[in-house]
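This report concerns only the one structure given below.
Which chain is which? They are A, B, C and D, in the order written, and residues in each are numbered from 1.
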Amino acid sequence: MKNAVQTFPIFDVLTLRRDFPILHQQVHGNLLAFLDTAASSQRPMQVIECLRDYYSRCHANVHRGVYKLSEEATLAYERSRGKVAHLIGAASPREVIFTRNATEAINLVAYAWGSANVREGDRILLTMMEHHSNIVPWQMLAQRVGAHLDYVRFDGEGRLVLEDLDHLLTERTKMVAVVHQSNALGTVNPVPEIARRAHEVGALMLVDGAQSVPHMPVNVQELGCDFLAASGHKMCGPTGIGFLWGQRHILDAMPPFLGGGSMIKVVETDTSTYADVPVRFEAGTPAIAEAIALGTAIDYLNGVGLEKIHHYEHELTAYALDRLGQVGGVTIHGPHTVEARGGTLIFTMEGIHPHDIASILDGEGIAVRAGHHCTQLLHRVLGVPATTRASFYLYNIPEEVDRLVAGLEKVKKLLE
Amino acid sequence: MKNAVQTFPIFDVLTLRRDFPILHQQVHGNLLAFLDTAASSQRPMQVIECLRDYYSRCHANVHRGVYKLSEEATLAYERSRGKVAHLIGAASPREVIFTRNATEAINLVAYAWGSANVREGDRILLTMMEHHSNIVPWQMLAQRVGAHLDYVRFDGEGRLVLEDLDHLLTERTKMVAVVHQSNALGTVNPVPEIARRAHEVGALMLVDGAQSVPHMPVNVQELGCDFLAASGHKMCGPTGIGFLWGQRHILDAMPPFLGGGSMIKVVETDTSTYADVPVRFEAGTPAIAEAIALGTAIDYLNGVGLEKIHHYEHELTAYALDRLGQVGGVTIHGPHTVEARGGTLIFTMEGIHPHDIASILDGEGIAVRAGHHCTQLLHRVLGVPATTRASFYLYNIPEEVDRLVAGLEKVKKLLE
Amino acid sequence: MDDFYREYILEHYKYPRNRGTLEHPTISHEETNFLCGDTVRLDILVENEVIQDIRFSGQGCAISMASASMLTEEIKGRSVEEAKAFSKEELLDLIGIPLDKNPMRLKCALLSLKTLKAGLYGVGAMQDEEL
Amino acid sequence: MDDFYREYILEHYKYPRNRGTLEHPTISHEETNFLCGDTVRLDILVENEVIQDIRFSGQGCAISMASASMLTEEIKGRSVEEAKAFSKEELLDLIGIPLDKNPMRLKCALLSLKTLKAGLYGVGAMQDEEL
């Protein structure tokens, strides 16, 4: 399938793959075909080396040290905050808070902003395609304060039913929290339009960017949202780091979330005065090395170009939709065209359990995910308890799609 | 000063130092003398290599993948949980929850356990030597529910005034949260006795082990506590990882803290059923690589032997107390003998600001910390806004103490 | 892993033993593997402390279904006492594949045993390590 | 860093200019660097939109005290307008040490300027980047 590779000459994927050491190993005797980036991406050598270099040359705790190592660590940490800000078009690095992952970022908003702003009887609007990380924090908030959740539905093509906004958005709606790109269906939702509608009724808009920030140019000004959450490990960065972006004036007005070192100005026995943003929301020793390496990951993605990555994934997804659609018994859930969709697709096979599919594909060296992908509501709508998911990134190649298709034929032969 | 090294033949520190690449660099033309481990320790090659190896060979998201990489990542992650459990004498790995750091671990208890168990009028007992991370979360809890904080004082030698327990411990006391080893004074507190007294009135006992777990054998059964918090970055592990240990039956009864992926069994639109411990408290993608590398750090510490490390630091601290005590104008705050104290000491110099001390020492390649070390209450008791802190670990040598003393003489010459 | 899908497993998956329900079971218990939504229900007929009949229903992957088929086959006719003592090692032996290195698939394989034990002991749920 | 402690700085630290307070200041403002607890208070006497007199008090490290000494010396006799426009770059020039690479020490050096500006503008607090 060397030919297929040449059909998407957006960048030289074979050269780029060399940056990812993990991709060159054999799994059960076959070259690894890693098709589970939606769960977590792989990392280029540049990021791995950054961690090594940091720990070997300049680690120290940040913010309070006056000696050279601590100085350097602090500067690198803050530089990385600037890279995140620049990546998403934030007005200032001060609007970027480092968290462990997208999940913690959303919980931060639900706890700190939520507890101060959501009251009994208020409503929070989600969609039926949300990841559990953008559902459960709001459920917990709703239970704490006596608020209610509403859900926008999606249609048979995996598109949000925007008419639902007409009756679900009310004066009582305080927050609209929507996934930018679905980690299951692959749908890219019309965030600017939803944000505009949310603001019309005075609600804020949080965007779950866990699956969009790694894969396309994302600009918070263009999205028109108030919060954006994402995870480093899905965008070539290390585990243990993610971020929350928020509008400065909203963050400024928010009470803290976690209490502890760094986030205070003055501590007295009964009460404390809190630091300014973003430090107010970064209690304790942060994930310093991870934040710095996330900066390196962003450099890497910018080096390739997010527009190009997006384009490349589109080509790959179009190819995959076409090839998989031809496998008998396979049903693809979600948009069947690449318009407003990303490189993540879920499917089911008549009478065959997703775990068996993933296990048998694993025997071929192909890594896909089976299960509900943290979207049980979505799967309940689809009427299946589980699906199989293949997801792509800048390092995947058409040949891997071909191997996936061949693997599925083997599954059928074995289990039918 | 080669002689001095040979006075503590507990292990071969010069060989061991080779494991720490960062220690062999020049800072402002002098060999780095890193005396700020209390803020964050350095890492041996073994830990740095573990991260590299993980990302190069076996990274994938944990828990839900059926393919080989995810399997291996999951096993390594859970093996690491087992190492933590073994290190602290936990009854089961299920009692160990991975967090970002000690700060998050304490906040987890203050939010999840606190909100469910602390009521208006209840009391929480702390000490005046607590780190902000063991004060602010409780203040925030107290403010949320209308509870009150009490503080055990410490005396002129930096020892807790245990008589304070007689009147401060009452039936209303629901939680006693105490630092095991002070990150400022160096005092090691009599946790077993305090835990016993806490339990007598029905309170739970949380131990802030951020400074003890890295430096001595710590066994939760012997401490008799209910919770223990610690940070990986202070114990040769990476940043971005720490842990909370809790008694199984207490954790089992606790509502969740962060909501999101992994920590649920069933998600419905309005409510969810939560997973068993420890996963209930690990929402979203965890700091996988960091948790695994923490396991490697624990292997490293066990390889040297925590008993030996503790002993070695005692020797070094005795030497430092002796040498520093002879510098004119220097006042050491905290215990002056090594009995029940660790290798962390703070001091002030007559008429000279700690920042100037730290800056001038930095010029000599000596990294110490100046400030309140996240213990403002403690410093207010001492009557100084800031102190200078030197802290030791298994890789420090007596020669570095000598350089510190020489550096302080230079400070005096320059600024007096 | 290909290894999981040996003839023996596939045979039990395609032609399961004891699949179905009982009209008047002494014990009926259902368990779900929340990681994947798989479900196994066991209907057990106990007479004189002996498992006279047993049927399984539910849905799941080849491993969990084959495991339920093999377990019911093995346990039928045994005393309740023996069935309670039936260990996860014995079941894994029966299945004959090295599942110990794959925690996810291990859960699939053990789902039927978990259902059996929780049913026999009359408890709501059971942890893997208690099997 | 040794470099910070040049003769010039040490001289201002040991023999500060304008150290003290004013009896009837037009403006009196105090700022604290919460990272280290250092405090600078400025008493300013303004007449005809000109800073006729200025004194500093408080406690801090050599850098913050020397910086306050130099700043007050520089600003005395200037118009309020000029003082408001006095930039952090100008102050760092005056101090003459490369502080831009050390965020912690930068805060020490800028504390007096922060106090001056917050005082002149009559605002409660000021961010570093607003100087």
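Everything that follows uses one rule, which is that a residue touches a chain if its C-beta (ideal position, glycine included) is under 8 Å from a C-beta of that chain, and two chains touch if they have at least 3 such contacts.
Predicted model only: the values in this text are computed from it and were never measured.
**Q** Ignoring chain A, partition the remaining chains into groups joined by touching, separated by vertical bars.
**A** one piece
**Q** Determine the centre-to-centre distance between chain C and chain D, using the mean Cα coordinates as centres, and give it in whole Å.
**A** 77
**Q** Need the CA-centroid distance for the pair chain A / chain B, whole Å please.
**A** From the centre of chain A to the centre of chain B is 31 Å.
**Q** Using the average of all C-alpha atoms in each chain as its centre, how far is it in Å between chain A and chain C?
**A** Comparing mean C-alpha positions, chain C is 37 Å from chain A.
**Q** Hey, how far is the Cα centre of chain A from the one of chain D, in Å?
**A** Here the centre of chain D sits 46 Å away from the centre of chain A.
**Q** Can you tell me which residues of chain A touch two or more of the remaining chains?
**A** Where chain A meets two or more other chains at a single residue, that happens at 28, 64-66, 68, 70, 264, 266, 355, 359, 362, 370-371.
**Q** For chain D, write out the residues touching at least two other chains, lowest number first.
**A** Answer for chain D, listing residues that touch two or more other chains: 1, 35, 104-105.
**Q** Pick one for the touching-chains graph, please: line, ring, star, complete, other.
**A** Contact pattern: none of line, ring, star or complete.
**Q** Going by the touch rule stated at the top, which chains touch which?
**A** A-B, A-C, A-D, B-C, B-D
**Q** Per the contact definition, I'd like the list of chain D residues that touch chain B in the complex.
**A** The touching residues are 1-5, 10, 13, 35-38, 59-63, 104-105, 108.
**Q** In the complex, go through chain D and note every residue touching chain A.
**A** Touching chain A from chain D are residues 1, 34-35, 101-105, 127.
**Q** Would you tell me which residues of chain A are touching chain C in their complex?
**A** 28, 353-356, 359-360, 362-364, 370-372, 385-386, 414-415
**Q** Which of the residues in chain A come into contact with chain D in the complex?
**A** 63-66, 68, 70-71, 74-75, 78, 264-266, 275-276
**Q** In the complex, go through chain B and note every residue touching chain A.
**A** Contacts found on chain B: 21-22, 25, 27-28, 32, 34, 36, 39-40, 42-43, 47-48, 51-52, 55-61, 64-70, 100-104, 106-107, 110-111, 131-133, 135-140, 142-143, 149, 151, 231, 233, 238-241, 256, 258-264, 266-272, 283-290, 355, 358-359, 361-362, 366-371, 374, 376-377.
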